[in-house]
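Note that the chains are named A, B, C and D in the order they appear, and that numbering of residues resets to 1 at the start of each chain.
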Amino acid sequence: MSRIAFIGLGNMGGPMAANLVKAGHAVRVFDLAPAALEAAATAGAKVATSARDTLDGAEFVISALPASRHVEGLYLGEDGILSDVPDGALLIDCSTIAPEVSRKVAAAAQARGLAMIDAPMSGGIAGAAAGTLTFIVGGSSEALERARPVLQNMGKNIFHMGDAGAGQVAKLCNNMALGVIMAATGEAIALGTAQGLDAKALSDMMAVSTGRSWATEVCNPWPGVLENAPASRGYSGGFGNDLMLKDLGLATEAATASGSPVPLGALARNLYAMNSRAGRGGLDFSSVVKLFAADK
Amino acid sequence: MSRIAFIGLGNMGGPMAANLVKAGHAVRVFDLAPAALEAAATAGAKVATSARDTLDGAEFVISALPASRHVEGLYLGEDGILSDVPDGALLIDCSTIAPEVSRKVAAAAQARGLAMIDAPMSGGIAGAAAGTLTFIVGGSSEALERARPVLQNMGKNIFHMGDAGAGQVAKLCNNMALGVIMAATGEAIALGTAQGLDAKALSDMMAVSTGRSWATEVCNPWPGVLENAPASRGYSGGFGNDLMLKDLGLATEAATASGSPVPLGALARNLYAMNSRAGRGGLDFSSVVKLFAADK
Amino acid sequence: MSRIAFIGLGNMGGPMAANLVKAGHAVRVFDLAPAALEAAATAGAKVATSARDTLDGAEFVISALPASRHVEGLYLGEDGILSDVPDGALLIDCSTIAPEVSRKVAAAAQARGLAMIDAPMSGGIAGAAAGTLTFIVGGSSEALERARPVLQNMGKNIFHMGDAGAGQVAKLCNNMALGVIMAATGEAIALGTAQGLDAKALSDMMAVSTGRSWATEVCNPWPGVLENAPASRGYSGGFGNDLMLKDLGLATEAATASGSPVPLGALARNLYAMNSRAGRGGLDFSSVVKLFAADK
Amino acid sequence: MSRIAFIGLGNMGGPMAANLVKAGHAVRVFDLAPAALEAAATAGAKVATSARDTLDGAEFVISALPASRHVEGLYLGEDGILSDVPDGALLIDCSTIAPEVSRKVAAAAQARGLAMIDAPMSGGIAGAAAGTLTFIVGGSSEALERARPVLQNMGKNIFHMGDAGAGQVAKLCNNMALGVIMAATGEAIALGTAQGLDAKALSDMMAVSTGRSWATEVCNPWPGVLENAPASRGYSGGFGNDLMLKDLGLATEAATASGSPVPLGALARNLYAMNSRAGRGGLDFSSVVKLFAADK
């Protein structure tokens, strides 16, 4: 049993905190949304009155926030909590943010004598609820080993990718590939059907051929091909277009910072941006296929 | 045992014909290259003096040629053989060519009272030698059923995608997705390493995450990540850059014909074209990663 | 005064034929659309009953047709007119078609002892009516000199780009650049306005800076910036999206044929294809900006 | 005559400061490079010992620095000079940097009671030396009017684009369009020559047609077409590939910030990034054509 401060109870953070409670930890939570706090209270967490108020006696401080500026603000902002984190506590940031911000916050933590890991996750809301998330971790091996038992209460797989920020970089690389692959799969199926093929027959073939991917196996972008995919329920649920757009924005900014050519990743970002401009920002990202076949 | 005419004994056709001989068929072969004919003779095939000379008594006519113009020329050209194919023979074209040419030749065959299927294959030279190719078939179900026993002497999987030309369309869709996925995977790994990650650690994570694909599982484009991948032996062997360039050219031309948007597929074609212009046309197509990381 | 056969009286061909009549030539015309024939008759042309029927005594045969297949069909098809063209007549094809088809028809003409030039034009419907078209010519210098007086009755500028097909190649290169430039200008203005700039102020600056082009000077894609541009009248008139899509399709197919990388041209083709899929195929091609700013 | 503090004496800043001296101003300069200071002294400027040391009695503070971090550091960094700028002085930042950094510094200046404009320039080293630069300005009209006489000592054209940061945004929009146009022009000429055209004949036609631009008129990317273009002297001089890469990085980051689709601009950034990876980062940006035609 550990004392855990948990800040950020969104679609992901809420069920993660609940799983920590279920595992027997003493979890003190904060979020700006009263409804999120209420839900956490119902799940057995102790509700704090502010981010700072979660810290009392905490051995772990976990954050799961929407964007770089929230993470930077939480720890380093004018009213940042870093200075008040108890000595010896381990910081675990599960947000997906810019690697350089992860590195900056981790460096500030280290300067204060605190260890920190970046541990962005994949697996979606379902994975958060089921406790089967994947964590992609940056930071020292020692810090990761300390965090491991707690991470294992929320997820199943843990990948250690390197020093501070490496978790973010790796997640962005994976999601950049995913963003490209989804759109490319949509293009391929749209081309095939425009040429008279049956989308399901084509998809079935591709799913066991060299064109296979998570998009053909799990989340086919064409309605009716996979019963449980968002495409088969009006592109609802799943991973939102604008979340993929955010990740591709972070990936291409990292590429700009290191002078890395990512022509397909950059084009994919712009396809999701056009899909958003066309009014589909809130749908599953596989709705990008509508750019290629307007009637889908 | 069937009497089979086999035209085109290249890297793929040669071992395919040999497998037919091994299966007990009477195979009569032709190719313009004397060395190819010699190898086929050694394998037990009967060497013909011309494409027409293979036809005598043939129940199946199989062609495996480099490009649309060769197939059109063989069957419909000035000296085309279509008129001399024995009544009742089944035509099987295993070349990867433009769908519209497949449709045109099949229509001409039908006008002559002959059934024809397009059966482009995947699996590479190794699959051709081992008899484990995949055939992606367009044509009538009846024709496919007649062809099946012969195809099974050369391959393992058979997908029926629709009418004449559908095999070509489906193969091009698959390979277009593959071409995009390979380059996108290269971009992702190049970005990750430029940001300090280890290529193998990143690849291992991606291979079991949503960014996974044939490129992470079988043919990783980064040297040293997968021992048996072309990248780990100087990009030799494998599927040549200029063959992928050809397939993407066919795919984007099909897209132009049907007004289909394929922005990522089109960009991928141009990446492989640039890779070719940079002198790497003969290397495995995963060498496209050198556009993103010059020292790989 | 010359005897001229004129085949194809569309938006361009109609006014071109009328200008030839006005210049004093004896013009015999044909088109499949009765209304087009009627208009030409009103303008003073003699209406023929078929393409072949225009040829009687013709010194020049001019064609202005929609696509490669029409030109190939007219001259070389089953009922093609090439064999009936009077000896010594000069063939002038003003259609925008695939360079390889231009070369093929020109070669067939030459085999029959006839000279032919490809003379695709630019300048639009307004230029055709005003007789101020630009002709971009492929063929021998001798043939061009013979054609020049006739071309000058329809246009103002004549560029000789090389042998048969060179006119087509050059026009496609120009229009490929134009297609990219228009979309890029749209992107730039959409970005500027999203960042708070005034579209007109931004455009005025760009029009005299290094980002200037025909798109900033004549056909600004943003409504209200240039009073006379299609964007300021609901994207009506101008050069249709699907015509640009056709030209970019021809350009990228030529690029595929010569293994040429044209990444931006290929992406532009796909942007216009997506614009078409979104229902804007009939609007001016500058409406592509709606992909970047949905409310424009 | 005004007292001017000038910080940053690079390829642009050096000649700009010299022109201010020539115009009769009392110019006090600083740069980290001793050689730059020496050259400025020779030109008649007074050399300061630090950025802060330039400020004494200054009525104008002008900065011309390489990147966002330098500008932010100069004014707002740990040893930032903003607090020491004399009351009433006008700040003029001529650097090309991220709009958001311009806005941030301008806001800090305003909080200190100082007016500031962002005035990135175009016209290159030659324009800086000749005093014919173009300034693209963001900030209040009042501030611009105060700055105008000084700007006119260094340049010829002044565009007022809006409030703080608007100068940056507008310059980035212009340069993004330029970056796309240059590469697209290179693609078009490479395609034309691969199809047998003469590069000069093609360029001459395009330069007076709808495909025209600064790239066809002033800086043709093909060697030998325009005698004075960088392409005709081994791509030396001109505007470096990596400077264009920087501007496209800023433009695409601004696009990410406002969710703007810029597919062509983003692809162009990646083309220049690949050109840099191929070892041509220091050449003129028109050398991007080598991606399309390796032997140029």
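As a convention for this text, a residue touches a chain if its C-beta (ideal position, glycine included) is under 8 Å from a C-beta of that chain, and two chains touch if they have at least 3 such contacts.
The shown structure was predicted, so the numbers you read here are calculated from the model rather than taken from an experiment.
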List every chain that touches both chain A and chain B.
C, D
What angle, rounded to the nearest 5°, describes the rotation that places the Cα atoms of chain C on chain D?
180
Which one of the chains is farthest from chain B, going by Cα centres?
D
If you average the CA atoms of chain C and of chain D, how many Å lie between those two points?
38
Expressed in whole Å, how far the mean CA point of chain B lies from that of chain C is 37
Rounded Å distance, chain B centre to chain D centre (Cα mean)
50
What are the residue numbers in chain C that touch two or more other chains?
255, 259-263, 267, 271, 274, 277, 291-292
Any idea which chain A residues touch chain D in the complex?
245, 249, 252-253, 255-256, 259-263, 266-267, 269-271, 273-274, 276-277
Can you check the complex and tell me which residues of chain A touch chain B?
99, 122, 134, 136, 157, 159-163, 165-166, 169-170, 172-178, 180-181, 183-185, 187-192, 194-198, 201-202, 204-206, 208-214, 251, 254-255, 258-265, 267-268, 271, 291-292
Inside the complex, what are the residues of chain A that reach chain C?
263, 267, 274, 277-279, 291-294
